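Structure below; questions to follow.
By letter and in written order, the chains are A, B and C; residue numbering begins at 1 in each of them.
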Amino acid sequence: MIRLLALPIAAALLTSAAPMRPPRIVSINPCIDAVLVRVADPAQIAGISHYSQDPRATSIPLGVANRFHATSGTAEEVVALRPDMVLTGPHTEPATVAALKRLHITLVQYKVPESVAESITQVRDIATAVRHPERGAALAARIAAAATPSRATPVSALIWQSGGLVPGSGTLPDELLRRGGFRNMSAAYGLKKWDVLPLEYLIAKPPRVLLSTAAAETGEDRVTSHPAVRRLARHIAVAPYPTRLMNCGGPTIIDAMARLRQVRSGFAA
Amino acid sequence: MTRLTLWLVLALVLAACLSVASGKVWVPLDAWTAADPRSIIIVELRLPRTLLALLVGGALGLSGAVMQGYLRNPLADPGLFGVSSGAAFGAVVSLYFGYAVQLWLLPAFALAGAGVTMALLALIAGRSGSLILFTLAGMILTSITGSLTALAISLAPTPFVSSQIVTWLMGALTDRSWDDITVALPLTVVGAGLLATTARSLDALTLGEQAARSVGVDPGRLQLVVIAGTALCVGAAVASAGIIGFVGLIVPHMVRPFAGNRPSAILLPSALGGAVLLTVADSLVRLAPTVSELRLGIAMSMLGGPFFLYLLIRMRRRLA
Amino acid sequence: MSVLAAEGIGLSLDGKRILDSISHVFRRGRVTALLGPNGAGKSTLLDCLAALRKPDDGAATLDGQDVQQIDRRVRARAIGLLPQAADVHWNIDVTTLVGLGRMPHRGRWGETAADRDAVARALAATDMTGLADQGVEHLSGGERGRALLARVLAGEPDWLLADEPLASLDPGHQLDVLARLRSIADAGSGVVLVLHDLHLAARIADDAVLLRDGKVVAAGPAGDVLTAPLIAQAYGVDVEIGLTPAGHRFILPIAR
């Protein structure tokens, strides 16, 4: 008899113990902030990363970001905000992760997404964690739509970050390039996931398009202004590609794909 | 207790109070009781951090005083002989392979790095007691481990990992806890104890090695004690806080005008002075009006570099 | 600790034979001079006696026991060494410097009244009492030499070994130090000096050991060793030895 009652009583206790209101969230990672402001209620967001309020590093419109309280990511500031849950990325300082765990604060760490599918799954997970799965599904759908693979003939391209850092196979920017109607030249050079490209390879086998973050920010960097690269100007089109689009997955994919399609449209189908 | 020691202990207490009160979050005194959840900040975050700053600062200050006495050179720094960059490389290896997820792995790797470097140094310079061999061996070990660290950064699988490594290397006491104390405290106490035993021998070395040996100093044994003691102190410091330079270099100089020039006389004041200096610096990095804390290693370099320059200029006037 | 001896000491450095079968018994209460041209091995022999170098053959012995085997502190109390290098690495005051000589006697608990008295005596003996609080960097060459000698004296060793202790001193202070060394020997200690000045050796030495190319040319009472033929054999110079009207011995190099 007691056993029969045990299960319903337990269920009742569990549901009554769970808080009815959506959880209070602190995020200490700017990419997660970008998802959070789209899927959580503003009242739920107790804190975001200070990077989101820095115009050079943010993935959120500043007007939106400045509505929230920002922290520098230390355990002390997080504890003071009394969150139910803390969301962060994989490369948080070990001491901070350990401190939060020791203080029994629920901490969820998300990986850096390396594909569109991973990114979409992450968006859904975050939305579920903040108790708004329906918004997560909506955002996921928009991302999937934006990332619809292009049917155009792939044009050879390379994303070039300052210092010669190039994203290769197995990274999110690589997949976005492919879906945007480009072929990532990094594989042709034998580069790994993230690698530095020697200029000689670039000159020997130039891509049609060089998506340069330097071109977007400062105009030119040491490499794009290199005389050798200049001479190839007839063969290589340099298109500005803001660093902002490289930092995160999630909603940023929508903007990234828009930019990529814009660049692709400048070439023959 | 001399008057200098009393003043330093007083400064230490004040620095500790400043550190416990410092932070990006203002915790009013009435929130310090156990009932208020903000008391967690004080008990679990700021108190261990303060104690760790005192320990690390004291360890580095003492190591610096011993190194300067042992090498008979006022420009010596405990980072000179390879253990600190060896410990840093160990920690970087754990970050590189992503092992730092387990809290205790990073200090373990750092201490392993310190231990290996210490063993190599003992093997090379050994019981020879030769200063030149010791200094050169230290420089080479620093160079090798530094190159390996740079290699790890350049081979990092993603820019996020390399950024994490570089950030850790810059040194910080942010979010340290009582767990870090359980690692740092015993090592520092043993290391400091070993170093304290060198006091008389360091005094005797004022006369040069021959005369020191004639009054009973055992140079081989002294070298092993110096290596072991400094390795423990510096290894514990790096495992807790990353690379923090200049403390061992500057503090003995700041203390000498008050304590005298005898090597044994500056050991305790350097330990206390180092503790005060680092704790105050660690408080300032939290109170500075920046959004996030300035990295402690950077702050010490910014303090230490100009001070060192001022020292050189003063020495130049004396030497010229 | 009354007999310091070299027993068949041989030493090679970098393949070169520096000392070869050196045997001599040094006596307490006397000043023994180690003499010879540059490279004869004088300083190396002194180092062996002070246990700073280990001979390849033979041994330096103190009361029959190899000095390398004697406990460090016991040996440091018995043998005091004044090396040639006058390094003082930190600008400490003279009293502290001299106090370093008490290290072999110091127990766990810092300095005692006995230590302080020994330091005071050493300062008085070298005429440094007036400079007791002076920093070492402000001393002249001669004053520093005397301070370093005071350091050795403060240890009150049975044997005082000194390598060129008169080198940086002016004639007045040379005479003072010579007198001090004499009285130390007269008080019962053994004094062994490496000297390159023959006439100073003539003034102070009771015994002499004359070396050339690592071998003993002659050893014994100074009067027997410091003769023109033996000096010519060791140094390759002709000397004139004589007595001044006041009865002081002099040795003058004349020609090669």
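Following the convention adopted for this analysis, a residue touches a chain if its C-beta (ideal position, glycine included) is under 8 Å from a C-beta of that chain, and two chains touch if they have at least 3 such contacts.
Just so it is clear, the structure is predicted and the values come from calculations on it, not from any experiment.
Among the chains present, the centre nearest to the common Cα mean is that of B.
Chain centres here are C-alpha means, and the one lying farthest from subunit C is A. Per-chain CA centroids place subunit B at a distance of 44 Å from subunit C. Taking the mean of the C-alpha atoms as each chain's centre, subunit A and subunit B sit 38 Å apart. Centroid to centroid, with C-alpha atoms defining each point, subunit A and subunit C lie 79 Å apart.
On the side of subunit C, the complex with subunit B involves touching residues 47, 50-52, 72-73, 75-76, 79-83, 85, 87-92, 96-97, 100-101, 103-104, 106, 135, 148, 151, 155.
Considering their complex, residues 23-25, 27, 37-38, 40-41, 44-46, 95, 100-101, 103, 106, 157-161, 163-164, 167-168, 172, 174-177, 179-180, 291-293 of subunit B touch subunit A. Listing the residues of subunit B that touch subunit C in their complex gives 72, 200, 203-208, 210-211, 213-218, 260-263.
Interface residues of subunit A, counted against subunit B in their complex, comprise 50, 70-77, 79-80, 82, 89-91, 93-99, 101-103, 112, 165, 193-194.
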